[in-house]
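To keep things simple, chains are lettered A, B, C, D and E as they appear, and every chain counts its residues starting from 1.
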C-alpha cells in the first residue's frame, strides 16, 4: 500500500545508484588488478588494503540497494547480479591482499580460468551428476514419495504406523546411507541415482502428507455433506490445498538431490561425476578445479530450483491477493 | 427451472417416519479446564416438507444442532434419526444440502466452478454448467461466474454458497444464517425464491436465522432456543396461509406470531 | 470435524504393528540381500565358517544387510561400557550437543535473515538467489576447508561442527520464517494499520505469533539437517568423538555391522530431537488445537 | 620448567602406523625435550591444510602430497623421513590368474581417491597401461574405480585388483576369508615405484619463527626436538614391538580392530607393527640414519612424479630442509 | 464507565471542518480481463458527532467506501478528507476504530487478550485489563474472557471484535455490519448501548447495515447506495428525536423514514 518508489521517478537517486555501483565495482576491479597474484611478487600490506576493500564493498552495497528499487525487470534481477560481482571482486582482492596460496583458497580468477580450461571434463562430470544421478533420482524419488504420501493419507493406519519411521529414516545422513547402497547396487552411476531417490523421498512424503492434511475444515465438512468418496475429496479439496506444500518440498528436494549425488560419489565411482572430480582434485591441491566443480554444481542446483519454481508458478496461478 | 413432485406443504404422507427425530439430544464440547454444554435435552420431530426455523441468541447451539443433524459432529448423548436412519446413513444417501454460516468457497475455483462442485462430485447427469448458471442467476450473480471468491464482497460470497447448496436439488436443506450478510431487498427476493422452491419441490428446510420476521414469513414452525446450556425453549406453529407473499407481512396474525416468538426469546435471554 | 483428523495422541499401536511386520520381513529380506554376495564370496574361494551361500548369508563379515544376531552383538559391543568415551552413548551425547548448538545458531541466523528478507526488498533481491545457491554447495566438499579456516583462529572442537550444522540448517529456518512473517492475515494487517502500529509493533503482535507454526515446521526440518550436518562435520574435520567420528573409524575398519548400529543410534537421535521440537511447539503455541 | 605446547597432525587414525609417536609420548621422550605434544586425529582434510593454516604446528604425510602442495604455492617443508620404503600394494586373488602387472589390461582396479591413486597410476603407466582416471584418455586399457578405503566395499566382487597398504588393508582382506596364500600381492616398491610415505613436515613460517609460541626457542629448534624424540620413539618401537603394540592399543579408538567384526585389535596391530617396522627399517635407517631423506630416493621420486605429469617442474629447494634432522641427530 | 465531554449530537461546533468530506470519490479494481468499478462519483460530507448508516445491496461498495476512509485502500479518483487531513494522517493520529465485516480475531490470543490488543499497541495508560473487561461485559462476553476464538460461535466472535474496536475509545468509528450475525435481542441491546456510547462521548459513527429499521433507529443520516457501479443514490435525514428508545420504533415518522429508504433501495436495485 506504500507508494512504489522507483529510481526512474527520482533521477537523483538513479544517478547516485549508478555512481555507487561504478565506484564499488570499478574500484574493486582496479584493486584486484593492481594487487599481485599470490605467489608472484611480495605480499602487500594486508591490513591497509582490507580497509580499502571493505569501504569499496560498502559503497557497492549502497548501489545495490539503490538498484533494487521499483518493480522493473532490471530492479528484480540486477541487484543479485551486482551482489555476485561485488562478492567475486571483493574475494579476489582479499585473497590477493592476503597472498593466500592457491592450494588453500584459489582466487575467483583462477576458478574462472579452470572452468574454461577443464570445460570438457567438467561438462561430462556435470552430465553424469546432474542428469543421470540427480535428475533421474529426483524424478524416481518424487514419484515414489507422492505415491507413498497418497497411501499414507488414504490409510490412516499407515500414517500412524509408517510416518514416524519416515522421520526416523530422514535423519540418517547420506554419509551413512551411501556406503550401504553403493555396496548393494554397485559403483556405477545407478547407485548414486538410488541414493538421490532415497534422500528425495522423505521430504516429498512429509511435505505431501502435510499438504494433503492441511485442507480447510469447512471444505472437508462440505465434501462430507456431499458424501463424497475419499477419492473425490482428495481430488477436489486435498490436492489443490496440498500443491503449495508439495512444491515447497520439491524445492528443498531439488537442491538436496544434487548434493546427495555429489556426496554419494565420495563413496565410490567409476571415475565420473562432480563429486569424484572434487575428491580427486582436493588430493592434488587443484582447488581451482574443485571450486570450478562446486560452481557448476551450484549453477545446476540453482537451475534445478528455478525449474521447480517455474513449474510452480505455472501450475499455481494463485488467486490469493497478498 | 422444472421441478417434479410438488408436494403439499405441511401435510406429510401418513405413516411416513418424521424426517428428523431428536430425543434428549446433547452435545458437550471439552474445553481447556472444563466443558461447554452446547446443547442439552433437545427434543424435536420434523415432518417431511416442513420449513423449520431455528432462532435464538448467539452461542445457543443452533449451528451445533445443524451440524449434528448433518453428521458433521457426534452427539454426546440422546438420539437423532434422519428419515428413520442414522445421520450418517442419510448423509451417505445425499439427502441434504448444507449452507454454512461462512461461505466456505474454494479459493482455487472460480464462482461457476464452485457451484459446479457438488454436481461433479455427485456425478449428476445432464447439463451441469447450465444448471449451475441457473442457480447463479437465481442469486443474482450470473455476471460473476468467472470471478474468484476473493473478488467478491462478503454477501456475494454467501450467495454463491447458497447457489452451490441448491445446485444438486437435495430433498433436505440445512441453512445456517444464509441471508445474514444480505441487504433487505436481496434478502426478501431470496426469501420468496426459497419459498417457491420449497413449495414446488416439497423439500424440507431447516433454517437458522436471527430475524424474527424472516422466521415467521418462511416457516411452518419456529424453534426458539435459549443460551448456555443450549435448550429448546419452545416451538411456535406458524399457521399463516400458503403461498405467502408480501401481503403476508400485513396479516395481523403475522404480528401476533412475531410477538410470541419475541417473548419466548426474551424469556430465554433472561 | 474431529472425526476427519487424526488426533495427536494417536496410539503407538500402528507403529508397533509396522515394526512387527518389518521385523518379520527382515530375516527373508536380509537373506535375499546377502545370498548373492555370499555366493560370490564362496565362489571366489574365500574361507568362511559356513558351506552354503544360504548359510553364509547370515554371517558375512561385511554383509549388505546384517543379520539380527550380528546387529545385537554389534549393539552390545558398541554400547558398552556405557560410560566409556569410546562407546556410543557418550558419542551420541556429543553429536546431540553439537546439533543443538548448531540448531541454535541456525535459528538465530535464520530468523535474522528472515527479518531482513521481509523488511528489505533490496536485501531480498540482492541475496536470496545466493542464499539458495549456498545450499547447493555440497557441504561435504567445503566442510574440511571451513574447519581448517576456523581452526587457524583457534576455533576447534565443538564449535566448527556446530557452525557446519548451522550452515545447512539455517536455510529452512530462513525460508520458513520469512514465509511465516508474510503469512499474517491481510485483515489482521489492516487491523494493525488502523491502530497505526509501528512496524516493530506489527511484528511483535502480529507477524511473530502468526509465523510460529511456520517456524516450527521449519525447525523440524532444520533439526534433522543440523544432525546430518554435525555428523558430516565430524567425519570431515578433526574430531575426537561423536557419531560421525565413529562412522568414519568403523568404515575404515570395514565394520559394516557397526555402521548399521551407529546409523540406528543416529536415527533414534533424530527422532528424539524432532520430538523435542514438537514438545517445544506445543508449549509455545498453546492455542493451536491440533 | 614449562613445556612448549606442540600440535602434531597425524595423517590417519591412531594405529601402529604411528607407533613411534605414541611410544615417544608414553615413554616421556617429548617431555624430556620440553615439549607437550598433542596429536590431532585425522579427518577428510589434508594434513597439509591443517599445518599450512597453523591449526597444527607439524604433521605427517607422504611425499606426493607434500610436493603437489608445494607446487600449488603452499610453503610446506619436509623435515624428516620416517618410512624409507613404500608399503603400497595392489592385491588380486590368485584364482584371477593375474600374474604380472601386464595382466592388468582390461581388468577393473580399485584405487583410493584424493591423491592416493598415484602409486597405482605410476605402476600402470610403467606397463604402458592407461586408466579412466586420466580424463584425456578416451579408451583406457584399465577400468579404475574409486571407493573410500575399505576394500570390502569392492573386493573381490566389483574389482579384480584392490589397493592395500601392507600393514593394514592386506590384513583386512585376509579377514574377509582370503588367507595370504590365496592372494597375489603386487608391492609397488618391487616394481620400482617407491614413492616415499610417512614423513614429518612443517611450514616455512613455523621453522623461521624466532620465538615459537613465546617459548624463546626457534621453530627450527622445536622441530629438531620433536624429530629427535620421535626417532627415539620409533627406534624403541621397532625393537620392542610387543610393548609398542600395547602402547598403541591405549591410543586407538575404534580403528585398531582391523577387518570385520572378528579379528581382535591386538592381533591386527601386532601384524601392523611388524609390517611398519619393515618400512622403517630400510634405506638410511639401516645405516643408522633414521629419519634421513635419502637424496637419491628423493630425486627418483621427483623424476617419477614429473614423468607422470603430476609435477610440472622440480620443486623449490626450500621444499626440503636437512637442518632440522641434522640438529636433531647431530649428524651431517 | 465514565466518559467525559458528552457532546450534543448532530450539532457540530461552528467552523469545524467536516470530519469526513468526499468529492467525486472513485475506486476501480482491476480484475483479470477488465475492471470492477466498486465506487463511482461518491460525494458526501459528514459532520463531527453524526451517526451515519450506509445501506445498499450486497456488492455495492459499502465496505470499499469504509476501507477508503480508513486508508486501507487508495482511491483511484476523487478526493477524500478526514477531519480536514488526508485519510493517512487521520489514521496516524489513531482517529478511528474499525469493526470489520469478519471478526478478524487473532487465534493465538484469548478473548481478553484480543480486546487488550489495541490498548497494548497504543500503549494506553491505566488499567487496561479493567477497561477490556468492561468492554467484554458490554457485549455480554465477560464470562468468556479466557476462551480462544475458535471456541466461540460466529456471533460471539463478532461481539469480541466490537469490544476490541471500542476499547481504545476512538473519536471516529467505522463499523462494517457489526451486528449482522447477532440475534435480534442481543442486537437491540447492543444498538441501545452503541447509541448511549455515541451520545455520551460525541463519537462519530459510520455504520454499515442491511437492516433498514436498524439504520433508521441508530442514525442521524442514512446513505443509500446502489450497486455496480457503486453510487450514492440518496441521503435520508433521520429527524427522529434523541435520545432514542424502544418507543422510537413506534413513532409514525419511523415508519415513513423506513419506507422512504426502502423505496430508494428498490430504485437502486432495479
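By our rule, contacts are C-beta pairs under 8 Å (C-beta built on N, C-alpha and C of every residue); 3 or more make two chains touch, one makes a residue touch a chain.
Since the model is a prediction, treat every value here as computed from it, not as a measurement.
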item: Neighbouring chains common to chain A and chain E, by label; value: B, C
item: More contacts between chains, C-D or C-E; value: C-D
item: Rounded Å distance between chain D and chain E, as computed from the means of their C-alpha atoms; value: 85
item: Centre-to-centre distance between chain D and chain A (centres being mean Cα positions), rounded to whole Å; value: 38
item: Mean-CA-position distance for chain E and chain B (Å); value: 29
item: Geometric centre distance via CA averages, chain B-chain A, whole Å; value: 53
item: Touching two or more other chains - residues of chain E; value: 72, 102
item: Residues within chain D bordering two or more other chains; value: 46, 49, 53, 148, 150
item: Overlap residues in chain C, where contacts from two or more other chains coincide; value: 1, 62, 140, 144-145, 148, 193, 235, 251, 256
item: Residue ranges of chain D touching chain A (in the complex, touch as defined); value: 46, 48-49, 52-53, 65, 68-69, 71-75, 113-117, 131-133, 135, 143-148, 150, 153-154, 158, 310
item: List of chain C residues in touch with chain D within their complex; value: 37, 40-41, 44-48, 61-62, 70, 73-74, 77, 86, 140, 143-145, 147-149, 151-152, 156, 235-240, 245-246, 248-258
item: Of all residues in chain B, those that touch chain E in their complex; value: 29, 31, 36, 55-59, 63, 101-102, 146-147, 151-156, 159, 177, 180-187, 210-212, 262, 265-266, 269
item: Touch list for chain E against partner chain C, complex; value: 67, 70-72, 91-94, 96-98, 100, 102, 104, 106-110, 117-118, 120-122, 148, 150, 168
item: Parts of chain D lying in touch with chain C, wherever the complex brings them together; value: 9, 13, 40-46, 49-50, 53-55, 93, 95, 148-152, 156-157, 172, 175-179, 182, 253-262
